[in-house]
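Scroll down for the structure; my scribbles are underneath it.
Note that the chains are named A, B, C, D, E and F in the order they appear, and that numbering of residues resets to 1 at the start of each chain.
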Amino acid sequence: MARTDFGPPDYREMLPPIVAENYGKWLYHEIPQPGVIKHVSETGAVLYSVRMASPRLVNSDWVREICDIAEKYCGGYLRFTTRHNVEFLVSDPSQLQPLLDELKARGHMIGGAGHAISNVVHTQGWVHCKSAVTDASGLVKSVMDELHPYFSGKIKIPARLRIAVACCVNMCGACHCSDIAIVGIHRTVPRINDELVAKTCEIPTTVASCPTGAIRPNPKLKSIEINAEKCMMCGNCTVVCPALKIMDPENDGVSIWVGGKVSNARTAPMFSRLAVPFIKNNPPRWPEVTDTVKHLVEVWAKDAKYGERMGEWIERIGWERFFKLTGLPFTEKHIDSFTHATQTFRSTTQFRF
Amino acid sequence: MNYIEVNGVKIELDEDGFIVEPDLWSEDLVKAFAKTEGVEELTEDHWKVINYLRDYFKQFGIAPMIRKLCKDTGFSLKEIYDLFPSGPAKGACKLAGLPKPTGCV
Amino acid sequence: MDEKKTTPLLDELEAGEWPSFVTQLKQAAKKSKMAAGLVQQLEASYEEKIGHWKHGGIVGVKGYGGGVVGRYSDDPERFPDCREFHTLRVNQVAGFFYSTKKLRELADVWDKYGTGLYNLHGSTGDIILLGTDTQNVQPCFDALSEIGFDLGGSGGALRTPSCCVGMARCEKACIDSMDINHNLTLHYQNEMHRPAWPYKFKIKISACPNDCAASTARSDLAIVGLWRDTIEIDQDAVREYVANGFKLEENVLRRCPTWALDWDAENKELKVKAEDCTHCMHCINAMPKAIRIGKERGAAIMIGGKAPVVKGANIGWVLVPFMKMEAPYTELKEIIDRVTDYWAEHGKNRERVGELIDRVGYATFLKAIGLEPVPQMVTAPRANPYIFWSAEEVEKRG
Amino acid sequence: MDEKKTTPLLDELEAGEWPSFVTQLKQAAKKSKMAAGLVQQLEASYEEKIGHWKHGGIVGVKGYGGGVVGRYSDDPERFPDCREFHTLRVNQVAGFFYSTKKLRELADVWDKYGTGLYNLHGSTGDIILLGTDTQNVQPCFDALSEIGFDLGGSGGALRTPSCCVGMARCEKACIDSMDINHNLTLHYQNEMHRPAWPYKFKIKISACPNDCAASTARSDLAIVGLWRDTIEIDQDAVREYVANGFKLEENVLRRCPTWALDWDAENKELKVKAEDCTHCMHCINAMPKAIRIGKERGAAIMIGGKAPVVKGANIGWVLVPFMKMEAPYTELKEIIDRVTDYWAEHGKNRERVGELIDRVGYATFLKAIGLEPVPQMVTAPRANPYIFWSAEEVEKRG
Amino acid sequence: MARTDFGPPDYREMLPPIVAENYGKWLYHEIPQPGVIKHVSETGAVLYSVRMASPRLVNSDWVREICDIAEKYCGGYLRFTTRHNVEFLVSDPSQLQPLLDELKARGHMIGGAGHAISNVVHTQGWVHCKSAVTDASGLVKSVMDELHPYFSGKIKIPARLRIAVACCVNMCGACHCSDIAIVGIHRTVPRINDELVAKTCEIPTTVASCPTGAIRPNPKLKSIEINAEKCMMCGNCTVVCPALKIMDPENDGVSIWVGGKVSNARTAPMFSRLAVPFIKNNPPRWPEVTDTVKHLVEVWAKDAKYGERMGEWIERIGWERFFKLTGLPFTEKHIDSFTHATQTFRSTTQFRF
Amino acid sequence: MNYIEVNGVKIELDEDGFIVEPDLWSEDLVKAFAKTEGVEELTEDHWKVINYLRDYFKQFGIAPMIRKLCKDTGFSLKEIYDLFPSGPAKGACKLAGLPKPTGCV
């Protein structure tokens, strides 16, 4: 049998010398220009990190291209960020501008640092996931084609803004805590292929999988039944039972969520909350989605204070004003109906008109 | 379509090599599967696991959780993998003729 | 070109300034039939507004129960080239650092056994090798193992831990996130490769509360660096900020969540009420040259973070407010073991540890894993009078 | 004195500066045998640390289904004098104002038919007449009705509404709480006296968000006065406060929940950003001589407030953010009727309206009573993606 | 049949003339001395309200006494407050001091206005309620004998502080939203009298009454069974089925809750939260309870800012420091275990040590 | 102890006048109760309510909610009080021999 359980390569062998030498010794940083972060060490060492946008879904040519660049300017090392950008780590200041020039020449985009929109955390979409309601990569491309000036620093914004896209409510990625999240959703009840259920599904598991108790066994057909009234289209049953189909190209679509945040800076981490319950899937460019996202960014950028994340801004101005300023309609869909719904009902007369 | 031949009969398999008609399971099918799943020789221990899985499924309509399987059969997880190199889900369940495990990936 | 093979919709996504995944796909398609198949199927999805992957898929390598996500086209006649299109999840290097040498080796292997398409990285943190067929899975893994890359997790198992860059390039690191990440990844290889748990389990490590690894939101067990003494203030540097017109009052004092900071305008000194600071990072973030993390460093352990599936999303809850973090991280591993043992024993199928805690109660859970309750675990004590008392706590009734 | 009749424990509660209920009881006991019985039974409770009232008790007056709480001693042999000890709940006067004439009439009736013991008032707001026997209940009610006092509610019925003093003696009153209280009490006599609902239903009215009637916490439907325009600031009066050393910054500006106030030190002017003010009352409370409520006045209706029983306590939720309040309060009554109708129709036994809303969902409830959703109803929109869609909203599936 | 449904006396006939005349015309107020509130009207009228403590459980003599006083100084009118104090409304300023003198001479206590502890909202207790775990009136008397200087204004405090007492978890009164709440609780599972259940209880109602689903029918005995593990001693079943007894003098007792608030001033209304899970019933004076309550008041009064309610103070300093400053132990009982428990778990690293 | 005499037999009542032994209910008992509860004459309408209550209780083990009683019998709440001046709980249920209503006061 092949060697097993040996794990990944040791990170210590993957560090550029300047990082190895100044490990744990960094003193402070600044962002001298968009996409360039300068870290200064207590040893006096200075490191420039140049952040380059990545489509994340890449091929071997692309991998070899960034290797070429890293070998030329960075001693043969590079890293990726937790949001999938590439970082070129420059220890020789004289190499910084040539690197930037070459990246530009090759058509790469630099940015994403500091108060900017960084890369979009996203998921598989129609490219690889069986659950995908929409295409994540296509949405990202469409949205960022609109928003790239916020990445590259051409347009300044008051704080960092994180966008995430998930192709279904499983929300792989960080949609549930992003400043703006785009999430694929279903709007119709799963359809049952009784014969297939009988053959391929564990009935008890399927019944138990439903968070609202909408499913009960149908012993006659050795299948199950769904109470449509109780079904919230979460798709959970379809994960455990392949014989249930929830995909519905006419009615599946995209929802938009706002105000989430992960960091503990100033305020506690927050969940993203519903802004737009439904927009039709409109590939390849999803114009309604990109317009809405852009609009949200613009309204926020105009009204927020320095350093104020989307969620903090909304907390300050109140959701009633958020809906007013953005012009988005507030509907019964926005009112929570899940387990802890009552905790979001307003139990104070403190509100705005 | 995939098939496996057991005693000259072609049994339909899904893409992952699980049988499509649970009723067509047989001990000979197990033997045929053993080869594709890297089980060199079907020992008593193998049968213990297979029978346990079948019984459990018959009784509860679901496959046991792996920890339960280990506890009830007395085999450690490592021993299960020694018996079924492709693991309890892809290996043991397939041999036992259970529906293909779904869910969590 | 073959009429059927045009991709008018996808082509539109090659325009625009943002780097195009379609371009990546098409380049790969030139070399890989399977990648070309994917492009066709994807174009169909764009046309029909529906995915074309089948449910299920259970493919693997010998000795492991996970690490490969099986995928089959739902219309193999129509898309024969990508009828099988599995992905391998591969452990990334801690902190996502690579030598170009390693990356090139990886590309060579993947060009040989798969499409040459990747996600760099997957949103859990793995290197995702996108697209190969069943017969190439084992050889691909064997080749990967030769260049030192192992598989990640899938199924009811641990996922590859991931972390922020930490000490490698950040002045805020309170703990060595990369070393912890690497150490845990090696230590828990078995738990990652042989699913034996009720559901997935994720670990992420951020070296300070800025949480650049999004650990509390996205992992069942998050390790977040922090300090328990006071922030360090360089008064000269503060004065320089102020002299340069930095809006201290507006941007720092008023934004400190606990009003822990005061500017003594007379003595030009920034004062901190140590007992009020909740190490929220804000002042440090705002004035990196003047304010630093404290000296007594360690980490908080947060439990139960997850996406919404089944019972709703959680952001991780405080399990241990402070723990020293020194290799080999024995205390940390003990906690992880006790947590996962209890969960493995009591969790239901597809029940994340956060949902288990919700179901049995935090007090029960703490008792089971041997931790004392402390007020840091809650934002507030209970408001309802429905306290459980056990028979042992009360006097026998006459 | 009879040995058995000493009350050493209760006697201790006659000492001390706070007015003693024991003294009240003992005085009553001198005139009323039943009150004397109560003192004995209470002493026993103090000794044995257990109550001595039986479960149940269903006593009433003709034509009404409630208003009297039946009480029986669980040890009538031992405490024969208070074997029956019912209370009458009596509608208080709105705002708890009385002429001494009325109070004296009340005392005379109660001395005649009961113990002469009261709660002034019950915590719902009624006059509670404590202690009479079954045979005196009807005559007592008849006598009360002669002096113009009617019974309150009990059982699955409306309770006597109660309210703050409002316009009668408060500069902050945005609505006429007392008039609304009186009007509703009269209008809903039938709903109060003949239980036909799943459980109790309470209405309270506070004329401003200070909520001196504790309405949102303690009633199913609360009416809370407020205004929708801007606070009124008397700049001269503000200057006087400041001149007198009032800590404007510390005590007002920083405490305004929305930072809506700014002190223009140069022009000595206090400015309010009207769109930021959430009429929290704080600045008005802190500077009553300088800041007043706005001019466009009405009330918010809050729904679902209650104590913890069964599903946990609620503080009332915004049902209507703003409604004009002018006699005869037709719009208000319509809302009350629609709410109680829906609840009477769909509520389970012992299910308060707040719990019903929790069970069916707020959106369903709003639709049923014909109200549009507005963002004021929530502190934040949903965070989970589990949205219900009805078949009518979507396109027919092929 | 007697006259029915005529309602209470009309409030308009119960108003002193100054109130009737200035109804809706009040301009501002001040509190010239403890327990005296001076309201000024736009008509120029000035009204002094003198607030007097009441034991709430009173007799006819007491009623007649306050009538005597009101006739002497207030034209034969008086009112009660929503916290059961008596208010004498003086329209003739020259009558103010004589009234105060007479009240003092008669031994009455004046106070409760402004930043003070006002009267305790409480419930029936052993005096009249079948559900009472403890005696509310006795607890109030004991606590206020300790705290009356905070009522009368002899000791100043930073803000108003509201105390409530409820003799069982039904929390009649406002315990769930009081600065300090004292609540009687059970700690043992109800005992079942099977024979009586069979005769007097609606089994389905009883089963349905249990919020945790701890009760199931016992068809053999025509009775019910309680799963002790799941029972949280809420007593709800005992309300609908008289054959279940939960009273247990050995184990019943008192719990203490803090930080609740009702007003919308500054902060939204808040629930009271658990401070002390259990103190033995110790009549007639409950010294452990009174000590704890006094201690809580003192710690708060010392540390809180001007105008800062108990709950606002705790929010500012954090619960971790609340437990440190008060010296009260934090136990597993403090961690919520009811329906929305997870909403109180801390999901941020923002805390103090 | 309270008693009510029906055909010379003493039937035990609780403090509120409800029968203690549900089995001792009889039509004559109803007649006896009618007097104490202010029902002047037992009409068909009275019996309609009483029988409805007994049937409902037999079927569900609980007393109906009052709204349900009104709906099912077709009497308005006012009519019920006209029939049973002490109300549906204290009056009608007592006559129907149901367990004493508990709960909400």
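Heads up, the rule we're going with is that a contact is a pair of C-beta atoms (placed from the backbone, for glycine too) under 8 Å apart; a residue touches a chain by one contact, two chains touch by 3 or more.
The structure presented is a predicted model; accordingly, all values stated were derived computationally and were not measured.
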Required steps from chain B to chain F (each step between touching chains, minimum): 3
Number of hops, chain D to chain E, where each hop joins two touching chains: 1
Any chain in contact with chain A as well as chain E: C, D
Taking each chain's C-alpha mean as its centre, the one farthest from chain A: F
Longest centre-to-centre distance from chain D, chain (CA-based): B
Separation of chain A from chain B, taking each centre as the mean of its C-alpha atoms, in whole Å: 39
Centroid spacing, where centroids are CA-atom means, of chain C and chain E in whole angstrom: 48
Between chain A and chain C, centroid-to-centroid distance (C-alpha), Å: 13
Centre distance in Å when chain B and chain E are each reduced to the mean of their C-alpha atoms: 65
Chain B: positions in contact with at least two other chains: 62, 85, 100, 102-103
Per-residue overlap in chain C, given as positions that touch at least 2 other chains: 54-57, 62-64, 69, 190, 209, 211, 216, 224, 257, 280, 308, 312-313, 315, 349-350, 383-386
Residues of chain E whose C-beta touches two or more other chains: 1, 169, 171, 176, 205, 211, 234, 240, 242, 264, 269, 271, 338, 340, 342, 347-350
Chain-to-chain touches, reported pairwise for every pair that qualifies: A-B, A-C, A-D, A-E, B-C, C-D, C-E, D-E, D-F, E-F
Chain C-touching residues of chain E, taken from the complex the two chains share: 169, 171, 176, 183, 185, 187-188, 191, 211, 228, 231-234, 248, 250-251, 255, 257, 259, 271-275, 277, 316-323, 330-338, 341-342, 344-353
Chain E partner contacts - residues on chain A that touch it in the complex: 264, 268-269, 340, 342-343, 347-350
Contact footprint of chain E on chain C as seen in their complex: 209, 211, 216, 224, 226, 228, 257-258, 275-280, 300, 302, 304-305, 314-318, 321-322, 354, 357-358, 361-363, 366-367, 373-389, 391, 393-398
Touching residues (chain side chain B, partner chain A) in the complex: 20-22, 60-63, 85, 99-100, 102-103
Residues of chain A defined as touching chain B within the complex: 1, 199-205, 239-242
